[in-house]
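Naming follows writing order (A, B, C and D), and every chain is counted from residue 1.
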C-alpha cells in the first residue's frame, strides 16, 4: 500500500515537472530538455562532417549514447506519469519522441542505418513550444492571426502561381528543348519556380533568344507578384495594429464611444471624464 | 417528332450538366473534368521524362487516347448543346479545347509532331474557373480589385524599369564587351533584367572592376525599387480593407446607405441625423 | 521683308509642332519621334548581334543613315525655332540629341568608333517625357510624391547598408582570402552586395565553414532588411491614399469640415447639404 | 602655475574640438576625421588589389603612415583631454581606435601581420555617428522606433525560420546525399538558407527529382514568408505615420496637449471643449 501511494506521489511530481511549465521545476526541466535537444542536433550535424567525425568519432558516439539514454528515460517517464499513455504514444510528439531514440538502438543490431539518427533533428519541432512562452505569446499570436486572416487570399495567389508555373514550364520545354538543359517538363517547371521566386541557381538557364525573352518576362512577373503576398500580409497586420490602437476598450459611459487613444483621460467625443468611471 | 423532342430534352440536360455549375450533376461534371485535366497534364509531363517514357510508353499512349476521346466527346457535346455554337468555337476556351485534341489525331498521320501534345497543358487555364467557386470568390475579387486599382501606377513603374533596363544594358555592353559574355545588347539587357530582379543566374557576370561597380549599383537599385510595386499593392489592399471597415455597418434608416465614415453623425447621402437613430 | 515674315511664321509653326504636345500636329510629331527613337534603339541592338549583322549589314547601315539624317534635321530645327538656342544646346536633352547624331558622322572619317552609336540609346530618356501625358500624370505624380516623402528615410537606410557592406566585405576578405575567390576587398564588397541584395550569381561563393556561416548571416540580414525600404514606401503611399480619400476637397460652407467621402452629398459632421454649395 | 593653467585651457579647448559637434571647430574636426577615415578605408581596399599595390606600393605605405600618425595623435589627445580616460580606453570606440593604429606599429617588428590593417575598416563604425546629425535624426529616429516596435515579432519570425532551416537541411541531406554536393548537414543548412532567402548561388543545387521537388517547396516558402517581415515593418511604420498625423496640431489651449484624434471635439487629456477655441 505504501509503495503504491509513494509511486502515485512520484508520478504526480514527475507529471508536474514534465508537463507543467509554470512551476520552477517544470521550467528547469524545459530548459534542460531544450539544451539537450540543441546539443543532440549539434552532434547529429557534426557527425555528418567527415573530417570532424574522423577525429572525434568515439567522443561523438559516447555523447550520442548518453543523450539516447536521457531521451529513453524521458520517454518512459512521459508514458508512466500521464493518465492516457496510449494517446500520448500515438500523438504527433509521441511518435517523434520514439523516432528520436529508435535509430540508436537499431544501430546495435544493424549497420548502415546510423544515418537515421538524422531523424532526431525532428525533435527540434519541440522548440516551437517555446513560442507559448508568455514573452512571445503576444507576438506569435498576432502573427498567427494575421496569417490566418490572409489565408484565403494567399491560397488563391498560390493556386494562380502554380498553374502559371506549369504553363510557363511547358512553353519553355517546347522553346528551349532537351539540348539546353530543359530535359523534361518537370525539370522545366523546376526551372520556372527557381526563376519566378528570384532564386536563380543558374544550373539551368535559357540559351535561345526566344527562351531568354520568355525568361525575362517570367523574372519581371516574379519580381512584380511578390508584391501580392507582401501586400496581403502588410494590410492584415496593419488592420490588426489599428484595431488594437483604438478599439477593445470599455466604451465611454456617457456616449458609448469606443474610439479613443490608449491614454485618454476624457472622451474625445463628449468630453466626459474617464477618471471616475 | 418524338425524336426531335427527346433530342431537345437531351440537349437541355447536357447543357445544364456542362455549363451550369450550381446543380449537382454540373458540379460532378466539373470535378470529373478537373480530374481528367490534371491527369492529362500529369501524363504530358511524364512523357517528357525520358527514363519514365521508355518503361511505360504503351501505358501512357493508351491513357492519352482515352483522355483524347473523352475530350473529343466533351468538345462535340459542348458544340451540340449550346445555342450559339459558332461563338463557342471561336471563343478563347473553344480554341483551347480544340487545340487540346488535335495533336493526338495529327500524330496518326504525321510523325514527329507528338511534341505538340504539350499544348494541352493550356487546358490548365480552365482551372482558373475554380476561382469562381463561392469559397474563393470573395478573396479573388478583392485581389483583382486591388490589382486593377494599382494598375496605373504599376504600368508607370514597369515603363520606367524597362527603359532603365535598355539604358543600363547598353552601358554594360560598352563597359564589359564581347569577351566577358556580354556578346550583344539584347544579351546585355537580358543580364540587366536577371540582375535587377535579383534572380542572378550567374551564366553571365561582370568581370571588369567598372562593370562590377555598375552591377553593384544595378543590384542595389533592383533591391530598392522592389519596394515600389510592393508599396503600391500593400497600400491598395490596405485601403480596400479600410473601406470594408466603414461598410457593413447598420444602414441609414432614412436612405439605406451603408457607406459612411465610422464617426459620422449625419448620413453623407441624405443628411439624416444619426443621433436620434 | 516678305521672306523674313515667312521665315518667322515657319519658325513659329515648327516651334509649336516640336515643343507643344497639346496640338494635333504636335502630338503627331511626338508619336513619330517616339517611333523613330524606338526603331533607332532596335537597330542599335540588332547591329550588336553578330549573326544578324553579318546577314543584313547593308540594310542596317542604310536605315541608320536615314535615322541620323532625320535626327539631324530635328536637331537643327530645334535650334532654329527656339528663342534661346544656346540654352537648349547646353541643356541635358540638347547634349543627348547632339551625342545621338555625332557618332554616325564620326564613322565617316574614323573607323572603329562605330561602337559609339550605342550612345544613342540615351535618346530613350526622351521616352520618360511620355509620363507627362495626362493619362499617366496622376499616377507618376503620386509615385514621385511618395518616393520624395520617403527620401530621407531611404538615404539613412542606404547609408547604413553601404557601411555594413564595407565592413562585411573586409571581414570576408580576411576569412576567405585570395585562394577562395575573394582576391581583394573591392571584390569582397562586390560579393557582399551580390549576396545582401539576394542576387547571388555564384561566380564567387564562400568555401570555408566560417565564411559560409558569415554568408548565411549576411543572407538572412539581406532577406530581412528588404522589409525596411518596402515598409517605408508602403507606409508613404498608404498615407497618400488616405489623404486623397478624405482631404483636398472644398470645406463644408457650414462647418468648414474638409473630411468627407468623395461622393458625399451632405457633410457628415453638420448635415449641411452640398448640392446648393 | 602658469603652465598648468595653460595646459588646462588647452585640454578644455581640445575637448570641445573633439567631443563637441555643435561648435564650428568641432564640426570642422568631425569633417576632417570623416575624410581621413574614408581615405584610410580606401587605402586599405586598394592595398588588397594586387596589380594596384604592385605599382604604387611605396605611395600607399607612406600615406598609411601619415594616417597612422594622425590617428595616434587623435587617440592620445582623446585620452589626454577627457576627464575619465580609463572609461574611454575600455569603451567600444576606444578599443576600435586603438585597434586601428596598432597593426601598423606591429608591422615594424613583425612581418606578415600587415593584413591586420584591414581591421581599421572597423573605424567606419564611427561614420554611424553622422546619423546623429540633425538632418538625419528625425528619419533615423523613426526607423529605429519602427524596428524596435517590430522587434518582438521579428524575433519570433527568425526563430521559426532558423528551426525550419535546420529541419529542411537535415531532410535534404538525407534525400540528396554526399554525391550531389550535400556533403554534411551544416552544408545542407547553408544551402537551405541560400535557397530560402532567394539568393541562389548555384554552387550546390539538388540533382534528384525528389530533391528538386523539396527545393521548389522551399523556394515558394521563402518567396512567401518574405511577406512576413515586410508586413511587420510596413505596418509599424504606417502606424507611426498615422500617430504623427494626430500630433503636430494646435495644442489644447487649456493643457497644451498635442495628442488628440483629428476629429476630436474635446481634449482627451483635460476635457476642454475645442468648439469655442
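As a convention for this text, contacts are C-beta pairs under 8 Å (C-beta built on N, C-alpha and C of every residue); 3 or more make two chains touch, one makes a residue touch a chain.
Keep in mind the model is a prediction, meaning the values are calculated, not measured.
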Under the touch definition above, the chains in contact with both subunit A and subunit D are B, C
Thinking of A-B, which of B-D, A-C or A-D forms a repeat of its interface, with over half the contact pairs identical?
A-D
Upon optimal superposition of subunit C on subunit D over Cα atoms, what rotation angle is obtained, reported to the nearest 5 degrees?
90
Subunit C-subunit D separation of Cα centroids, rounded to whole Å:
30
From the C-alpha centre of subunit B to that of subunit C, how far is it in Å?
29
Take the average of all CA coordinates in subunit B, do the same for subunit D, and state the distance between these two points in whole angstrom.
42
Take the average of all CA coordinates in subunit A, do the same for subunit C, and state the distance between these two points in whole angstrom.
42
Each of the following residues of subunit D touches two or more other chains, namely 186, 189, 198-202, 222, 226, 230-232, 234-236, 238, 242, 263
Sites on subunit B touched by subunit D in the complex:
198-202, 230-231, 234, 238, 263
List the residues on subunit C that touch subunit B in their complex, please.
41, 44-45, 48-50, 115, 118, 121-122, 124-125, 127-128, 130-131, 136, 138-140, 142-143, 146-147, 154, 158, 161, 186-187, 189-190, 193-194, 196-203, 222, 226, 229-230, 232-238, 240-242, 245, 259-261, 263-273
Per the touch rule, the subunit B residues reaching subunit C in their complex are 152-153, 155-157, 159-160, 163, 166-167, 170, 173-174, 183-186, 189, 195, 198-202, 205, 209, 212-213, 215-216, 219-220, 222-224, 226-228, 230-232, 234-236, 238-239, 242, 259-261, 263-273
